């Protein structure tokens, strides 16, 4: 399974193509659209998210809600495009307008101008923008339709907002609650504090980042591989998660804490209970030797604060070479809920890729049968 | 550029093939062999590293110390193979010996047995073992020969050993000193403490992990891409680093700390000095929008403690289903210096891949000219 | 550069995404649309081609007729979709209609039913159909925009229709004329014979295939590689051409004739004229050692007759197991002109891929400069 | 499954790494070595093949004749290396010797010099040489070990030598006989003529090419895909076969003949016999819609005459720019038997890749079970 994406932030549409889905897989449009809505939600978002109300439109690969085994193409139409068409149209546009030359720290703007031989950072940010992640959420949600058929589930929550950290332990089942809450946090007291902090950051024109934790339940042992470095499950997951805009750190299981403890307090001892191998702990986060070990997969990612600050950051105007204040293209204070949905989605997509390369199979019946026969 | 690897830990040899090197690149055999030696060094290593004294033998792709543009194959012969041949020979071996069934927590053993339909974890660990990383060090050192021609350098040091953390800031030039020290640390007081801790862990049959920091100097802006998620430099680096045995966390620049601070204290403001864009800080660790931004790249990785403890961990004997104590295949207490060399090497290899895909080019002259013309 | 495609024959739309185009490449919409029209033209086509009048709609990656360096997504809307939506809609369709169970020899029908666990070959043919090639023509035409910037041109003509063979030699410049002719042939007498033959085949409910010859002018030496089998230019071209529906043979230069002549009559001797290496002949068809050698590339492909015959072929009804006559989904007698355009297009796309992997480069200026500096 | 190769013609050794083999696959060393010997055999070969007597040495991935599921590395040592080491050693060699500057028509020499910025074509030909195919024969023979477990067999024969064509039809079983004959032909009269022709070509310092036919028996329907052009079985097979040195044409089934006949005489009608779908003919050569259809796969490839002629071809001395006669690096008159073995081998390797991507699976038991369950 493989996802290819395209689309500018203010272009006509975002497009994705998923190759390698088996035939006869039921596609849950409500699941996809509800997750697209969740990506746009969360306390601390600015105005733009209200304009858009993302919906998936499947263009190919599905007939009567079942996949055909052919490439599944979909789009998420930009509902604001009519306002942008004069400046963005592929066949003819006024590119002297909507220029951005006060290149924004923390963005692709400056480097992109150099690399792509441009003078208007509009031509960079349109693709570098996090709006691209809507496609990955849609694709990840389609991947969840696949995973569900195998009894594999991905969930998560927000664990930290700008330094307000939730160190509680939660059961997988308890995580579902998070998406009902304004910041996808599970401790209401900490969430209230985080909301207050966001309010005060907003007042001062500043922004917040955070940490999300993603968990996977139901995955059998042996996905990924210990035999070639490029096929290790943790490597694939971390590469995918780090590809999400604004992520600056990824860890599995106990993560960076492993560097502080002796081996006897880190490794998960093995027991046989009722004919099944179990662990006394899950510090490995469900991955040993580059493979799922049958325990829950636990992954955390750190998101940097939104790099567009209303109070502005010092920069240079690329057109004049003069000092300037960076322009604000949008006005979110925090987007950690979006981040949670996106990371969850790329984890789902990555798992679907890894699972399908082990199982092979052309149709759902075959895929399910092969999964059920694994030890 | 692409690396393919092979080789069992106690097999005849380890093999690597690097495709995509330009012709006429000088290969520095001393550099490669000295880095292979460094991988085997460091305070806290056990006995096996003394048996081996790894040397690269180039099998193809190089003539008279210059690359030909053809695939560069190399091997690192296992000097202990004569002792293992009776049990490991591809053409006929006594596989009833050297069996391992007391599957070790923290290793691929148990999952590998299930996945590969085996009853002897020898058939798993031989490849899953960290000995495989010798190939990646050799390949990364060859990548360094390529990077050097472009003025790009990779270096690093050990920043934490089992909770003893060095929070000092070091200049890139200062890092070279680390490899003269027993634990590749730069603060001699902290290093002394770490050595004492390793001694006491050894006495109690326990092990240590740590954190390494890798830095890259001299890379121009624009490597990686903001245009497709799968080509982002941070994603590629983190995926590669996470593929190293025992790594459980990776971060870029400020890393997980970004989750705790407001945007105004995270993002690196931009200034124009003498016609060159510079930053007031480097919290981004040299990567914005999935591309190098011309600043130093800063990456940290957390290594878990060695999972084979002399005091043993509880497990199950796969052959009998009875509770058991995990066997020790080796007796390192710490391997953080090896980790530093390995991570440095995979960073170098990944950079060489990313650079060569942007530059293209078939011979060194062409590659250097193209790099020099980049903005 | 890489093309990913999607889309069912009677679905809403066909979609393609091209990754890896440099920025600032001018896109020639007229060229693309005129080539899409040529794909639908040619003597011997049936009714469906008149319904459709394919136009490209670029969805991303282009602004004001210049590429952005981001993935270029495009679609070719199915103008007949409103008639098919009730039976094809992804969100809900009446799949009891438009069923095809009398599986057609020469098509994917029967094997597809088994592989994808289906009972209605509609679910197979919708993707297996040659309508998919419209995307490849559009993409190949975009590739031609890239090639043109480097002075590389692809052209071709029809050399054989159902056994009527044109063995004349034509200059590259003379080939352009072919697309003005009803069967893209260059000898009007032979073309008249071929048209008559098509008329008589139509009368008897039969169909025709043929041979197309594609030529490439202006490509410098050294594209492809002699260093790894998977990167040889002839291998890449032939793989791509054989992936076109109905192609059963591909040859380069003298092709199968090389098997009949001694070496002294096959190999192209080398001379130095005015400081430039030239050949006394071009039997190699511009490729030696897996690389372009600077001469014209010459490639021929054989197309089988349309497998849907009005007079019907014997088959089995998959629903009943009873003998049946294969159903006709369309009524072309010959589609050799379409084939010529399609093969030309996949050759252009393949060349653009090979060229871009050698040149690298992120923007057009860089790409052109690098090409100009090649020997 | 994927093969990566390395090695110079007169270097120390040739190396291959096969990734993706399942565990527990028996490796038949005799099969591999006998096929390596066959590659060196055949009427019309010159002196060098006698020096070498190729043997596979497996370096990793196999223990006691069973695969481990890890990358299988192997080498074929160059038995003549001691004579070449002074001129070829990677660590230091006299490169002023054994220079080749009279660039040979039909080889990579001239283009390679330009591309790789060299002045000695030794640095090109060492890799471009057909000796590289020894690795592909070894790998293909390992692939045959995999195919055999599934009941899939690849065989072939020589169908044409320099215009002497065998147009008989042979059963799959009858093909095995070919390898006992001096030119791998099946009609002894034609073979005698071909041997005489080779003798006369030798006398006049000339060379011969030919055509080989490869057949595959036992492959179930549905390998490859009709859903994405890059995964079509015929495209993959033809790309692989065209990557073999000296191949200039490839065809499937009826091949180029399809261009001469009406559809009613080309397409294979479908019947149901004893609950099994069968065909009245196999003009499609076992592939329809980019997938195996369960019939025998039939593929033919045309090999150009050996491009090194004892009588010499006109060329230019690259060192002086003066007219010259091309040097002979070897003195084969015909190598069509080698070609037959090589093409057979790349077909086997390609099938193993395609099969393993559909079946997935980590161990032989799983792979066989999945294959047996396919319709």
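A, B, C and D are the chain letters, set down in written order, and residue numbers restart from 1 in every chain.
FYI, a contact is a pair of C-beta atoms (placed from the backbone, for glycine too) under 8 Å apart; a residue touches a chain by one contact, two chains touch by 3 or more.
Note that the structure is predicted; figures quoted are calculated from it, not measured.
K.L.:
Considering C-D alongside B-D, which chain pair is linked by more C-beta pairs in contact?
P.N.:
Output for the comparison: C-D.
K.L.:
What is the chain whose Cα centroid lies farthest from the Cα centroid of chain D?
P.N.:
A
K.L.:
Find the geometric centre of each of chain A and chain D from their Cα atoms only, then give the gap between the two centres in Å, rounded to an integer.
P.N.:
Taking the average C-alpha coordinate of chain A and of chain D, the gap between them is 45 Å.
K.L.:
Suppose each chain is reduced to the average of its Cα coordinates; what separation in Å results between chain B and chain D?
P.N.:
Chain centres of chain B and chain D, defined by C-alpha means, are spaced 37 Å apart.
K.L.:
Could you grab the centroid distance between chain C and chain D? Build each centroid from C-alpha atoms only and quote it in angstrom.
P.N.:
27
K.L.:
Which parts of chain C, given as residue numbers and ranges, touch two or more other chains?
P.N.:
Expected reply: 5, 19, 68-71, 115, 127, 222, 227-228, 362, 366.
K.L.:
Could you list, by residue number, the parts of chain A that touch chain D in their complex?
P.N.:
Against chain D, chain A makes touches at 19, 69-71, 222, 227-228, 356-362, 366, 369-370, 373.
K.L.:
So in the complex, which bits of chain A are touching chain C?
P.N.:
4-8, 11-15, 17, 19, 23-24, 27, 29, 58-65, 68-73, 75, 88-95, 115-118, 123, 126-127, 362-366
K.L.:
Name, in rising order, each residue of chain D that touches chain C in their complex.
P.N.:
Checking each residue of chain D against chain C gives 4-5, 103, 105-112, 114-115, 124, 127-128, 132, 136, 160, 162-163, 201, 206-211, 221-222, 226-230, 232, 234-240, 242-244, 247-264, 266-272, 277, 279-280, 284-285, 288-294, 302-307, 309, 311, 313-316, 321, 323, 375.
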